[in-house]
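Just below sit the structures, each encoded as C-alpha cells.
Presented sequentially are two complexes of chain A, the first with chain B as partner and the second with chain C.
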Partner chain A sequence: MAAATATATAAEEEARLLRLEEQAEHGGGGAWEYLSLARRLRARRPAPVLRLGLALLNDASARSRLAAEQWTLYEQVAVAAMDCQRLDVAKDCIGVLSKQFPGSVRVARLEALLFEAKGDWADAERAYALILETNPFDQIVHKRKIAIAKAQGDMSLAVDYLNKYLELFMADHDAWRELAEIYVSLQMYKQAAFCYEELILAQPTIPLYHLAYAEVLYTLGGLENLQTAKKYYASTIQLTGGKNTRALFGVCLCSSAISQLTKGRNKEEDSSELQSLAAEALLKAYKQHASSKEALVAGMLKNMKLS
Partner chain B sequence: MPLKRRKHRLPYPAPPVSSHRQPAQHSRTPRRIAQPDSGSGKQPHREGGRRSSSPRLASAMGIGYVLGAIGGALLVHAAYATIQYRAVLKITEEEFSHPPFDVIIQLLVGLALCMWAGVSVPAKFLSVLPHSEENRIVSLPANLDFMIFNHRGRALPSDADLKLKI
Partner chain C sequence: MAEELVLDTAIRDWVLIPLSVVMVLIGVLRYFVSKLMRSPPSASPSPDPKAVKEGQLVIRARNLRTSSQFIPAKAFKARKLYYTDGERGLLHVPKEDAQKAQAAMFSDPNMAMDMMKKNLSMIVPQTLTFAWVNFFFSGFVAAKIPFPLTQRFRGMLQNGIDLSTVDVSYVSSRSWYFLNLFGLRGLFSLILGEENATDDATKMMQMGGGMGFNPAMSLGAEKDSLDIIQHDWALPKMEHHAEEVLRKLLKK
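Let's look at the complex of A and B:
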C-alpha cells in the first residue's frame, strides 16, 4: 500500500469493472469480484461499493467465506461510507476493525480520516501528528495533510506541502499528478508543464500524461510551445493507436494555430500530412460513432483549412 | 523473452504473423515485437467463444503435446544412437570426429518439434504493445491518497436503511 503502485486502467479492465457492477447491482452475484477489482483499479465508486460491501458484511456466511479478507472489506466499506457521508456506517466499520486490531496504524489512519469526513480539521491534524510521531515517514499521512489543506480551500498551502513532500519522495508519481492538477486549477501552467514532464519521464507509456502535457503547452501558447504540443499530441495518437479523439482534435487545433502564427513568413510546410491524416481519422470516427454530427466536424475542419 | 502469457485465453495459439488489424507503420518499428493484436473484436463474447470452440482448443493442445513427446523421444534416441556409434568406433578403433548424419537430422527434427510444442502448448501470446486494444490505457485511477470529501455526496445522502449489523 505504501509507495504509489497505481497503474493506469486498460480499456478491457475498465469495461469489466462496469460489467461486474451492473451484474452485481442486479443481483447476479460477483459482488466480491467487483469489490476486489474496484480496489485493485483504485476506482472511486463509493455508492455501489457501500451497498454491495455492506450486503456482504451483513451476511454472516459470506463473511466467514472471506476469512481474513473481510478486514480489507471493512476498510474499503468504511472509506466508501465516508465518501457517501454515511458517517454512522463508517464509524461502525472502524469500530469493528479497532476491536480486531487494537493499536494498528492503519486503523488509526481510518479514524483520522473519519475526523476529516466530519470536517473536524483540528482533530484530524492532531490524529495525524500522533501517527507521525512514531513513524515520521508515513507517506499516506503526509498526503492526507496535503488533502486537508486542499479540502479547506487553501491551495497555496497544499502546493507548499506537496513541494516539501516531493523533495522527500520524488518517485511518487501520484503526488506529481496531484501537484500538476492543482497547478492547472491555479492556472500556473508553466509549473504544471514541469510536473507533467516528470510524469512522462516516470511513466512514458501512459498516453494520458502526454495528452495532458500537450494540453498545458497548447494553453500556454506561443509558436514554440504549440509545435511541442503538436508533437505530444502526435505521440498520444501513436500510443493509443489513433483511438483518442481529443488528441486528434489537438493536432488539428495546433496546426491551425501554428499556420495562423506563421502566416506572413510562409514557413516550410513540413508536417502538413499529419494534420490532414488526423482530420481524416476524425471524420471517419465521427462517421462511425456519431454520424449526425459528422457535418458539424467537417464544417469545423473546413474552417481550419485542414480538409 | 519479454512476452506475457495467460493461460486458456483463446482456443488456439496465436498465428505467428501480426494480424491485418495492425497498421503497417507500427509493425515496422524495431523495438516492438511483432505480436498479434489478439482478437479484440470478439472481446465482449470471449466467454461464449471459448466455450463453443473448446474441442478446437483441446485438439490444438493435444497435437502440441504429441509433437513435443515425439520430439523428446527423437532427442533421447539421438543420444542413444550416438552412444552406440561411439561404442562401434571403439571396437573398430577409429577416431570420433562428428556424429553420423542421421543422428544430426534426428537432433534437428527433435529440436524443431520441441520448439513447436513449447510455443503452442502453454497458451496464446498476449500483446505487449501499449496501443493494442487490450493494453490501451483509457483512464487513470482515482487519486485516492488525496481524496477529499467536499463533494455533492454531502448534499445527496444515500438510502438510510443501509446499516452495518454488528
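Let's look at the complex of A and C:
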C-alpha cells in the first residue's frame, strides 16, 4: 500500500483525502489515516482535522494505540485549533507537548504561534527572537516574523524582513513569490518584475509566473515593456494550451496598446496574427461558457480593432 | 608431498574456536563502543551562515544557467553581472578565502576529535588482540584447509612459522587471527545490520569523500559555466508556438 500511495499523483491523493474525510466524518473510521494523509499533503483543512483529531485525543485507548505518534497528532490538532480560533484547545495541546518535550524548539514555535493567534504581536516577536538566538537559521521562524509584520499591516517592514531573509535563503522561491505579491500591492512594479523573473528562472514551466510577470510589465507600460509583456502572455497561452482567459485578454490589450503607441508604423508585422487569433479564441470561449456576455466581449474587441 | 600432520583436537577446542569467538565478540563490542563515542550528530552547532548562503547561491546561479532563455536579455545581463562580475560578483571567491576554507576544515577541532575517536576505537582493540594472540598462540599450526594452495599463499596462511616444508594448506594460529580479522566483515553486517561501524574500508572512503566537498570550488565552477553561456531568449519563439496552439484550439 505504501508503494501504491507513493506512485499516486497529487490529484489522486487529494481525492483520496476528501474521500477519507467523508468517511471519517460519517463515523466510518479511518480518522487516523485521514489525519496522517492531511499532514503529509500539508492540506489545510482545520475544521475536520480539529474535530477528528480531538476525538482521537480524547479517546484514551485510541491515543495509547498511537504510542509515539500521538505527539505529532497533538501538534497537528494544536495548529488546526489555532486556525479555527479554538485557542483553549490549542493551549491544552501545547501544554501537554511542552510537558512531554521541555526545551524543544518545535514546541517553542507552537507557543509563539499561539501568541500570534491571540494577536499578541509583541509576545510572539519576543518568543521568535528567543528561538532565533539558538537557531539563527530557522526558516520557519523567519517566515513567521514576516507573517507577523504582514498581519500588522506593516508592509514595508515585511519587505525588509523578506529581503533580509532572501539574502540568506535566496533559493526559496516561495519567499520570492511572497515578496513579488507584496511589491505588487505596494505598486512597486519594477521590484515585483525582478521577483517574477527570479520565479520564472526557478520554475520556468509554471504559467502563472509568466502571466504575473506579463501583467506587471503591462502595468509598467512603455513600448518595450508592452512588447515583452505580450511575449509572456503568449508563453502563458502556450503553457496553458490557450485555456487561460486572462492571457488571451492580455495579448489583445497589449497589441492594442502597442499599436496605439507606434501609431501605425507597425514594426512587428509578423506577430499580427496572434492577437486576432487570441480574440477569436476569446469569443469562442465566451460562446461556450458565458454566452450572455459574448456580445459585450465582441463589442470591446471591436473597439480595440481586433476583430 | 609432506607427511600428513595430525592436529590435536585440543587445538581445535582451545585455539581455533575460541579465537574466532573472541574475534566476533570484539567486533561486536567495538561496534557498540564506537556508537557510544560518536558525538550526537544533530547536537553540532548551527551551520555556518556562509555555508548556508553559498549553498543557496549555487542553486540560484544554477537556475539562472539552466533557464536563462526564459527571461529577457536585459534581466539576464543584469543577473550575470551580479553573479560573475570580477571582484564584486557574488560568485567571486577571493584566493585567500578558498585556502582559508580548506584550512578551517582541517583545523575544525570537532572533526579532528571525531576522527581520532574513530581511529582509536579501531586501533586499540586491534593492537590488544594481536598482542594477546601473539603471546598465547604463536608458532603452531592451528587448522588445515581442505584444498591445496600454491607457495604464494605461505606468507598469508603460515605467518609466524618459518618452515618451508610444511604444506601450504596448513594455517598457523597467527594467520588464523588475520583471516578472522579481515574475513568477518560479512558476518558483522549480518549481525549488526548493514551500517555497522566495523567496515573500515568504506569508512576510509567516506572520510576521503567528505574532505573533497569544497563550497568555494563549486562557486568557482558555477561562475565559469555562467561565464560561457550565451543568452538565447526563447520568448519570441513562444509567440509562434502560441499562434499554433490557438489555431489548433480554434479548429476544434
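Everything that follows uses one rule, which is that the second predicted complex is superposed on the first by the 213 of 307 C-alpha atoms of A that agree within 3 Å, B and C clash if a C-alpha of one lies under 4 Å from a C-alpha of the other, contacts with A are read in each partner's own complex, and residues count from 1 in each chain.
To be clear about the criterion, a contact is a pair of C-beta atoms (placed from the backbone, for glycine too) under 8 Å apart; a residue touches a chain by one contact, two chains touch by 3 or more.
In this text the structure is predicted, and so the values were computed from the model without any measurement.
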Partner chain(s) touched by A:Q76 [first = chain B, second = chain C, both, neither]: neither
Contacts of A:Q275 with chain B and chain C, given as first, second, both or neither: neither
Partner chain(s) touched by A:A171 [first = chain B, second = chain C, both, neither]: second
Which of chain B and chain C A:Q238 touches, first, second, both or neither: both
First, second, both or neither for A:A147, with chain B first and chain C second: first
Touched partner set for A:S255, first chain B, second chain C, both or neither: neither
Which partner, chain B or chain C, touches more chain A residues: B
First (chain B), second (chain C), both or neither touched by A:N135: second
First, second, both or neither for A:L41, with chain B first and chain C second: first
Residues of chain A that lie at the interface with chain B and also at the interface with chain C: 238, 241-242
Contacting residues of chain C [partner chain A, same complex]: 46-47, 49, 52-53, 56-57, 59-60, 63-64, 67-68, 70-72, 75, 79, 235-236, 238-239, 241-243, 245-247, 249-250
List of chain A residues in touch with chain C within their complex: 134-137, 167-172, 194, 197-198, 200-202, 204, 228, 230-232, 234-235, 237-238, 241-242, 251, 271, 273-274, 277-278, 280-281, 284
Contact set on chain B toward chain A in their complex: 23, 26, 43, 130-150, 153-154, 157-158, 162-166
Chain A residues within the chain B interface of the complex: 4, 6-12, 14-15, 41-44, 46-47, 50-51, 54, 57-58, 77, 79, 82-86, 88-89, 92-93, 95-96, 116-117, 139-140, 143-144, 146-147, 150-151, 174-175, 177-178, 205-208, 238-243
